[in-house]
């Protein structure tokens, strides 16, 4: 079942390797079929090289395995929380990509310092609060989803398709598994550029809102004019 | 029409990937035929892998598409301003290459700290002023060209074939599309070296003018003796 | 003899190249057959490209060559000390991987700043004391093993499968040569992330123990649930 | 003539690309036949991809081209000064490798901070003084050799096979063209590690002499025991 979705999720997971976003098995991508309420996700701890499309696991929104012989990613409950809260998204990516993780570990949001950032993200990349002891010890992965959603109380997940989890690393999402992976890649590049910028100018903080909005809107607004007509 | 120019521009765009100057579709190269007043440029948002020579778009200096089924790069108006103001150049490159972008985001020019820099650039790499709200909201890409030209009021674009746009990234140019790409590559390496140098010696500021001139002239002056006779 | 072990040790040495952990010949991996008390290790100074499985040298725990025409790695006595002291391990890796070496050279332990670290290491990566003149001048490689073991007086080598040797670089280990190499790779990534994190937040020091324990236990504890059932 | 030497010099130049030590054409390697007093060196400004063994230029120690249709590297006079002053060497490499250049641009020697450094270099990597105006304007490349030699007044070039030229980049050398290139690679790695170490510990300065000597001697001393018997 869902052969096409499994193929897309499989390919999106391989793109984590292509884009140099993962070490060993440190990342996973999922995709959702909204009509059926079913999610396709990478098996836990499996190497990207060995994985085949049929290894992708299908779970329902309660986390129950519906198809597949392997265990789904241990991060599955986080993915599911995001799908339930952010109704507009259809793909989720989790990685420990290095530069984004540096900000998450440093407890710093990634400030919007330039147009590369503004081309995708409408503002600073948000950071969750540190999770509490009880949130970590019980239902940790589900609660990881919950603190992300808490942080997005006044944010639009389509305008801000990524988050840093304090002391951990990043999640991103999009309208498809493929888009979720591309957003992870952009997050990583933006994080790297921000680190270098802050080395050169630690007080850097004056990228104007009108330039942020211009770049965001020319790619994503109602009058977007970047790219080809669809 | 302009089959040869389209081939050169296509190849120069692929070199952005070869030299690791671009992520996804974040860069574009153009070339001009000065006799005909026509510019060949990358289509907007198109992946380098999928692009063929015949996808390159031909526009005139007013920006009107003269040949090609695709939309030209959204940065086309910036390229056109540069061709109109800098009569000696025949190729323009725009990238978000990481280290050059770090300086642009940090609002810092790239100081000439060594001979690697002086081998191509006759002085510090200039930074434009931050664009004003009205310049961003109307004719943004054209005005990007205008602030570059404003910054070059007392600079010779052949002696300084690159610029940083504040809060954005870089443009470079040359006597051909290929040379424009090579100048982008050199800019990026020079930016990386400058960042490391400033980490080691934040006050570094004493590279002597006579050494700058020597290196610039031995490659580009009337008595240049680097390379083979042409 | 020990054809299978030599093959595994040979392959693990090649993985040092695959994972970009070595320059020239700066690294070596060994494996032990505990029943026979014999260790298979890379020949000294040999290029990874030229090495074949039959070039792997077999030594006993006193360091005597039992099989092989080549000299074993000059670091062999360090490996042997580790095998004698840490009875649970069956593979050892030594590299000069760059980011781990930066911490060793800076005389700093690698603090646990995030979950990437906690997924493998149950706490900060320890640093040995600087070796004394007499320890260096006589039986240097054996004494390198001894200062590591001294540092592990109150540490469990399976919960902390790596160490920084002051002013030198790193050793790691595991239940197999392959695992020892993977632990070196993780050490290197964790070191790189820590360096960036400390640039962004030099005082960073509040990764909570309960999150460290959660991540360590979900991968390595008695109720581990990461990966597939074995 | 000197077909074998030209082949070795050609291959050593290609290794600059393999080891990621050069951008575009920014580096050159030479080798000398001491009996004939002839030096084989890369042609100026030629791409490594296009170069063939027969393109290597032969010059005598006065710099006169003895064989070859192409212009020798513009850095040839520096190579010749080094061969004349350092009688024990038979290969010279010049690159603008990035991390070594950062130290040269920052006017800092590379301090010996660990055993990776001590395995090849018997002490800090020396930096020349900044060249004077008259030295730059007349016989620049020859004078570059002279300031290197001046800096080595009390140094043994075989114990310290590399130098930083202030505001410029690095030269290295060895007993063959191949060894000169490997020494450039080690210089670059040592420079990168030193930069990271100094970020983590700016006052780092206590790598003990006895450890430096131990590592240097175990690879290069009369009782060296690293590697295989020759």
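Read from first to last, the chains carry the letters A, B, C and D; within each, the first residue is number 1.
The criterion applied here is as follows: a contact is a pair of C-beta atoms (placed from the backbone, for glycine too) under 8 Å apart; a residue touches a chain by one contact, two chains touch by 3 or more.
Because the structure is predicted, anything quoted here is derived from the model rather than measured.
K.L.:
Which chain has its C-alpha centre farthest away from the C-alpha centre of subunit C?
P.N.:
B
K.L.:
Over half shared or under half: which fits the residue numbers at the contact of copies subunit B and subunit D, same or different?
P.N.:
The interface of subunit B with subunit D is built from mostly unshared positions.
K.L.:
Express in whole angstrom the distance between the two chain centres, defined as the mean CA positions of subunit A and subunit C.
P.N.:
32
K.L.:
Quick one: subunit B and subunit C, Cα centre-to-centre, how many Å?
P.N.:
Inter-chain centre distance comes to 46 Å.
K.L.:
Quick one: which residues in subunit D touch 2 or more of the other chains?
P.N.:
199
K.L.:
Classify the chain contact graph as line, ring, star, complete or other.
P.N.:
ring
K.L.:
With touch defined as at the top, which chains are paired up in contact here?
P.N.:
Touching chain pairs, listed by label, come out as A-B, A-C, B-D, C-D.
K.L.:
What residues on subunit A touch subunit B, complex-wise?
P.N.:
Within the complex, subunit A contacts subunit B at residues 113-116, 182, 185-186, 189, 192-194, 196-197, 199-201, 204, 206-208, 210-211, 214, 218, 225-229.
K.L.:
Going by the contact rule at the top, pick out the subunit A residues touching subunit C in the complex.
P.N.:
For this pair, the touching residues of subunit A are 23-24, 26, 43-46, 70-71, 74, 96, 98-99, 101-108, 130-131, 133, 136-137, 140, 167-169, 195, 198-199.
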